[in-house]
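Look at the two complexes coming up: chain A is in both, with chain B in one and chain C in the other.
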Partner chain A sequence: MQFFGGSEISPSPPVPTASGNNAHMMYIFNRNGVCLLYREWNRPLRTLDSNQDHKLMFGLLFSLKSLTAKMDPSSTEKGNLGVPQLPGQGCSFHSFRTNTYKLSFMESPSGIKIILVTHPNASDLKESLKYIYNLYVEYVVKNPLYTPGTPIRSELFNTTLDQYVRGLG
Partner chain B sequence: MAAIYSLYIINKSGGLIFYKDYGLQGRMDTNDSLRLASLWHSMHAISQQLSPIPGCAGIELLEADTFDLHCFQSLTGTKFFVVSEPGTQNMENLLKHIYELYTDYVLKNPFYEMEMPIRCELFDINLAQAIQKDRVSYLGR
Partner chain C sequence: MAPAVPRSGDAIFANVERVNAELFTLTYGAIVRQLLTDLEEVEEVNKQLDQMGYNIGIRLIDEFLAKSNVTRCVDFRETAEVIAKVGFKMFLGVTASVTNWDTEGTCCSLILDDNPLVDFVELPDTCQGLYYCNILSGVVRGALEMVSMKTKVTWVRDMLRGDDAFELQVKLLKQVPEEYPYKDDE
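Take a look at the complex of A and B:
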């Protein structure tokens, strides 16, 4: 897994490809499945209450990851289906698309999962997720008042994030 | 060099009714393929629940590190999905073509029982041709 391919800690954000807000919502989970952050910009449909929604999202990612690890056609050494895997272990996925949305996913070596839900026509968002991860490192991890594993309550992080996501194509 | 690694067909309740492997790794264990199929069925359903916009019909394309998974769901709930090389184009058309073959050679076969595993020789023959043709056009480009 490559995360910091020679880039600085805080590189300049990737150039937005189009204007307008295409992002629907974003989740950040830690490795225990605790939802550290949930941001929502445009979500007309809500089928569940927020706690259930977060759990379902984490479960979907967990199961899809074990599915891709098992399906991986490039390796013969695959564990049993459903065995939990360490971050970076096994074949993972980076996005999926339905007719109404596209979900982009990134997992850091420490098990932080960043999920961005956008319009289905959005371009490849790998770099953007890395940039968001850098924002998380800068504004959350480096904050001395933040206790790891607790929900993020940082006004500065939220405004920077909103600003960045608004410019995403 | 295989553009398509495998093809799965699952019925509306998540049971695997057809599985064919075209990769070099050899066939997956039968139990594993059944589990994968029903896991995909439920992930497909959950993805519809999590949609921020009404009218979601489930995952169409899953992009993993080493493969792409293209899924097509028919109106009756039968799901067809192919595992292919990352970045393979034109899979939607191939899936629709496979669906056509399914309606012609499986559903119109009087000995075929609905929702049961597919064992139809004509389907196998025509499917092999379709995959071969697609592979040729993929390699030819």
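Take a look at the complex of A and C:
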């Protein structure tokens, strides 16, 4: 797949299996809790206004990360619950599933968190989230007009994302 | 001894888009020259190069993490190895070596045998205080800050000033863990 920058995105995207939007929503947060991007494709129920919704999502993930790290049975070193984590410590959680949706999560060491909410039968989306992170690098980070830490306003990024998500199995 | 990195810098370097080395060197030289003309003071130019490097570093880290697939580094030693072997290789095409660890493991030196920025460069007598490659110290500082490490990066040896190698000293000041950013009253 060629992008305007001419570089290869790796890993290459999974082969599209179905038409129509397969994902419900997507969030991208940075390390300071700023919601860089919120995309919605299929969301019948909205309970909070968008600011509160973003804060809720970020808070949920922050707590989940902390909790999963403290409950890790294979790790010998555990601080008290609530103590901030140093990078490199603790495990990271990948996804959780309910009877109506599946939430997949990826965090880069630089604090960029990508959350994808899909239907509950979705397969493991780790590779897809990595691909989206690559898209973020190509379209947002490398864009000289983008100020890091501010919400993303890039038509090209949105269109490419929509196209990719449409092809997710 | 730091564990082996998952993907060697060579494999990634072969896959990323590259530019002509001379174009890169000459463009950088033109930037420094223009800064010297605009700012006139060598210290100001040093600071500006560092700031430019910092702005590059905060973006570069995401590209590095996305393309190199390294896992989180367990300690600063592993971080330094990854920067020297994978990072420098991926972006400059050269590897550095890591030496001079202090007793606590928070300070080390990266030695560059080959520095593509300084090909064809000679410093005139009027610019003797100039750290020509100061952009690199800014890049390392900016990138590490985005992975929660506050560092101080300085040039210890500089071949353009008569030393025998390029030595960059990276000192870890502190690790800044992630904190919950919202206030509790919301």
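Criterion: the second predicted complex is superposed on the first by the 150 of 169 C-alpha atoms of A that agree within 3 Å, B and C clash if a C-alpha of one lies under 4 Å from a C-alpha of the other, contacts with A are read in each partner's own complex, and residues count from 1 in each chain.
Please note the rule applied: contacts are C-beta pairs under 8 Å (C-beta built on N, C-alpha and C of every residue); 3 or more make two chains touch, one makes a residue touch a chain.
This is a predicted model, so every value here is computed, not measured.
In the superposition on chain A, A:32 makes contact with chain C only, not with chain B. Put chain B and chain C next to each other and count what each touches on chain A; the higher total goes to B.
Contacts of A:60 after superposition: chain B is touched, whereas chain C is not reached. Once the two complexes are overlaid on the shared chain, A:111 sits against chain C while remaining clear of chain B. When the shared chain is aligned, chain C comes close enough to touch A:136, but chain B does not. Residues 59 of chain A lie in contact with chain B in one complex and with chain C in the other.
Chain B meets chain A in the complex at residues 5-6, 23, 25, 32, 35-36, 39-40, 42-43, 46-67, 69, 83.
Chain contact summary for the complex, chain C toward chain A: residues 15-17, 58-59, 61-63, 65-67, 69, 72-75, 146-149, 175, 177-182, 186.
Chain A contributes residues 24-25, 42-45, 47-48, 53, 56-57, 59-60, 63-64, 66-68, 70-74, 76, 81, 91-101, 103, 117 to its touches with chain B in the complex. Within the complex, the chain A residues that touch chain C are 5-8, 10, 31-33, 55, 58-59, 62, 84-88, 108-112, 130, 133-134, 136-137, 141-142, 148.
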